[in-house]
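Take a look at the structures below.
Both complexes below contain subunit A, partnered by subunit B and then by subunit C.
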Partner chain A sequence: MTMLRAERVTLGYGKRPVVHDVSLDITEGGVGLIGESGSGKTTLARAFLGLLTPMSGNIWYGDKTLKKADLRAFRKDVQPVFQAEALDPRMRIGSSIAEALPRGDRARVRELLEQVGLDPDLAARRPHQLSGGQRQRVVIARALAVGPGLLILDEPTSALDVTVQAKILDLLAGLDTERLLITHNLAVVERLCRTSHVLFAGRIVESGPTKDLLAKPAHPYTKALRDAVPKLGGAPPEARGRTEAVPAATGCPYRLRCPIAVPECEQAPALRDAGGGRQVACHRAGDVT
Partner chain B sequence: MIEVRDLRVRYGTRVVADVPVLDVGEGECVAIVGESGSGKSTTLLSLLGLTPDAEISGQIRVCGLDVRTAPPRRLREIRGARAALVMQSPQAALSPATRLGVLMRRALRLHGREATEQIMSEAMEAVLLDPALLRRYPHEVSGGQAQRFAIALAIALGAEVILADEPTSALDVTVQAEVVGVLRRLRAERGLALLLVSHDLALVSTIADRVLVMKDGVVVESGAAAEVLAAPSHPYTRELLEALP
Partner chain C sequence: MTAAETAAGGRLRRTLPRIPDRFAAFGAALIVIVVVASILAPWIAPYPDEPNPLELLRPPSAAHWFGTDQVGRDVLTRILYGGRTSLFIAVAVLAVSAVAGVTLGVVAGYAGGWVRDVIMRVTDVFLAFPALLLSLALAVVLQPSVNTVVLAIAATWWPWYTRLSASVAASIATRGYVDAARCLGVPAPLIILRHVLPNSLTPVLVQLSLDAGGVILTAAALSYLGLGAQEPTAEWGLMVQQGQTLFTTNWWVVTFPGLAILVTAFAFNVIGEGLRNALDPRSGGARQERAKPTSAGAAATMSTRVVK
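Right after this comes the complex of A and B.
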């Protein structure tokens, strides 16, 4: 079942587009958006939350576009989870969560805190009296308060220590809500998302089942990302191509960084079907080894 | 390059770092790993006398100088020059209204060095940066370029050891790979020593010769990186490794 769908969406700030003509479905089993800083992943998440109106294209919620959908129902159904710094420092934890509940139901606040593995007595504390991991759990509890069907998670664990991150990932994996996860951390995507989309310079360059994508990347950028992740006891991470060349304004946006670019890459490659539920936008997809 | 014995850093009665032995030799890379609050950054800063409010005991020798007893003038000769500091967020450390070239020239003069175009260009090339970037302002370069510029500053000043606190954790993985590549090359080509503070065990396992694992201010395990990370003997090291996603 598709909960939300982006259909040929172009997004930007002012007149400058930063996400170009992106189509993707948020389906069951978790969807990951992977990319580096500036790739447009957070911008796309904002559009899925209805916080940014597309310059062109549509975001579909069921059979209606977000412009026409019942936003009250939408906001209950689709909840954001940002980094834990999003809590009001002056508010007690319990009040922060109760704000999202009808009549500030305090019994429900305790249930929610328990659901995310926190002591319900923490409701009386303020954010600064909690650890980073506890605060992130509170943010998740608050998102769950309205009983959403989908969580949109933007780098939910990137500010946390590894042991704390591991526990938050367990918590997220055990929830029965669907999720769109935005991250630069491939290991986190592998754990939580059945399907992934790799964004580069505001364009999807590769999509498919997460496991296949990481096992055998078909786009040189996906491969560069995967190979740059240090592995325990492995070889030092390898930089491929020129990692700091700015995205090309015409043709394939990755071509100035790409180690296998050819003159043909001056023509923009279309996102095409590569079999096995995968799509890739690269003229040299067959030559990525 | 760095020799530490029985280092204890205290704030009031609270011991925030207790490090019995820490040695970094020429061309060596030693990493301190641990989570937030483990005392790893405090340890690193104390080695250059940058924890002014703390009470420090033990012996700290950096580039042959006794850091605790050296007069400020002597300390300035090594701090930021022979022993350079690279922090997590280079763009925050670089004055935003000053071009990179001016920053580098100023740093060289501050340490009484010659600031010729050649010295500056060579330092940029050593970290694989185009010397033309010296004309740019900090906000006009990427995070990875700014971090490599911070390393170029160290090279221009003749650093023998770099003390780096999470130097790549604010960077994208592909850019991190490039910065790590530059540091490895400098070690191999110039015998640069590296003391690295990091929470990223996987990264540390790929570049460090030796590793110290810290928890709540205490070194719980130390040894050859390959051994400690392949067969950890302390339960906390095991917990850290198991938590890797």
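Right after this comes the complex of A and C.
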């Protein structure tokens, strides 16, 4: 079942678009958005949360666009889990969670803290008195307070050390909610998302089942992301192509970095079906090894 | 390095971060002294605040600690009474300016778009006038009095608070917790009151304390031009202006009221620093608890301070 759908959405700030003509469905089993910083992942997430109005295209919630949807129901159904500054530094933890509850139900605050594996007495603390992992659990507890059907997780573990990351991932994996996960951490996506979309320069360059996509990338950018992950005991990752080059303004945005670019890449490739539920936007998809 | 030296170094390191707090306590003590002395002026002043033709321009002595002025009034007595007027002007101007300026500023910063454009363009119009000239114009239109001074200065002071709080509020409005509140469906006025305003106040409070001395001096300028406090009302700025021609021959007439302004402005300044530390939960105020400070917030609030 599709909970949210972006239909040919272009997003930007002021008059400058940063996400171009993107279409994607948030379906059951978890959806991952992968890409480097500045690729438009968070911008897309903000649009799905109704915090950013598309310059063109529509975000669909059920059978209605967000403009026409019942916002009260939408707010109860879709909640964010941000990483950075997600808790008001002046508010006590209990008050931050109670903000999501009718009449600030304190008993429910304690239940929620227990649900995310925290001591209910932490409700009296302020964010700076908690560790990074505890803060992230509080953010998850607040999001769960309204009983959402979908969590939009924006880099939920990026600032945590690996052991804490593992615990937060266990918590997220055990939740009875759907999720859109935004991250540059491929291992996290592999664990939590059945489907993934790879974003580069505000465009989807590859989509498909996460396991297939990571096992055999069809786009050179996906392959570069996968190959950049350091392996324990292995040789350091070797970068290929001009990894610092800015996205090309015309044609394939990745062509200035691409190690297998050809003159044909000066024409922008369309996202086309690659079989097995996969889509790829690359003229040389068959040559990626 | 010996153990004793190491221990001494440790003590020094533990003590150094507390120095600003001690300064703030010192500043607060000074302000308390000035305020209490001003309130109790009728009871503790050594002389009545009246001219005495027999005591003209007496230098400081056991009888007149701060000397007497050109009409024979005891300068210490005038300073005690003058504190009432000067402090009232400072508090009233800053209260009016802050309430009006911060309200408009946080609304502009949070709302953005055309709301921000309208508020900030009106603010720019007020800022475009030379402040003293605008104060003078208002003071000329209204009757010369202390209340006129308050209104005239506040009319030129609020835009600074609007500009300051708008920039801070615009930054706060992009924080994750504000987005989270929006996603929970919390109404905009409640988000402003609950999240944006409290998190915007620290630089404003610091600025308020830094501005107190400036307000007192501006009030003095207006009084000098005959548009503010009028004789025989005691007011520090007025005393400085009236005594300035006597500075080379009778230094005490201008020096002591000047020192009163200096000490009060200094005290407000160090209180401002202390307030910044105390009100930012990520800085020293929470040191005793299990603090894990994130420097970004503190740096952000520090960097927003503006100098007029």
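One rule holds in what follows: the second predicted complex is superposed on the first by the 288 of 289 C-alpha atoms of A that agree within 3 Å, B and C clash if a C-alpha of one lies under 4 Å from a C-alpha of the other, contacts with A are read in each partner's own complex, and residues count from 1 in each chain.
Just so it is clear, a contact is a pair of C-beta atoms (placed from the backbone, for glycine too) under 8 Å apart; a residue touches a chain by one contact, two chains touch by 3 or more.
Not measured: the values here are computed from a predicted model.
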Thinking of the overlay built on chain A, is A:I260 touched by subunit B (first), by subunit C (second), by both, or by neither? neither
Kindly classify A:R126 by the partners it touches after superposition: subunit B alone (first), subunit C alone (second), both, or neither? second
If you stack the two complexes on chain A, which partner ends up touching A:Q79: first (subunit B), second (subunit C), both, or neither? second
If you stack the two complexes on chain A, which partner ends up touching A:L271: first (subunit B), second (subunit C), both, or neither? neither
Classify the contacts of A:A69 with the two partner chains as first (subunit B alone), second (subunit C alone), both, or neither. neither
Counting only touches as set out at the top, which of subunit B and subunit C does A:L225 meet: first, second, both, neither? first
Given the touch rule stated above, what does A:N185 touch, subunit B (first), subunit C (second), both, or neither? first
Pick one for A:V146: touches subunit B only (first), subunit C only (second), both, or neither. second
Intersected contact list for subunit A, partners subunit B and subunit C none
For the subunit A and subunit C complex, residues of the former touching the latter: 46, 49-51, 71-72, 75-76, 78-80, 82-91, 96, 99-100, 126, 128-131, 139, 142-143, 146
Provide the residue numbers of subunit C that touch subunit A in the complex, in ascending order. 175-177, 179-186, 194-195, 198-199, 281-282, 286, 289-294, 297
Subunit B-touching residues of subunit A, taken from the complex the two chains share: 36-37, 132, 161-166, 169, 184-188, 190-191, 224-225, 227-240, 243-244
Once bound in the complex, which stretches of subunit B touch subunit A? 35-36, 142-145, 172-178, 180-181, 184, 199-203, 205-207, 226, 229-230, 239-245
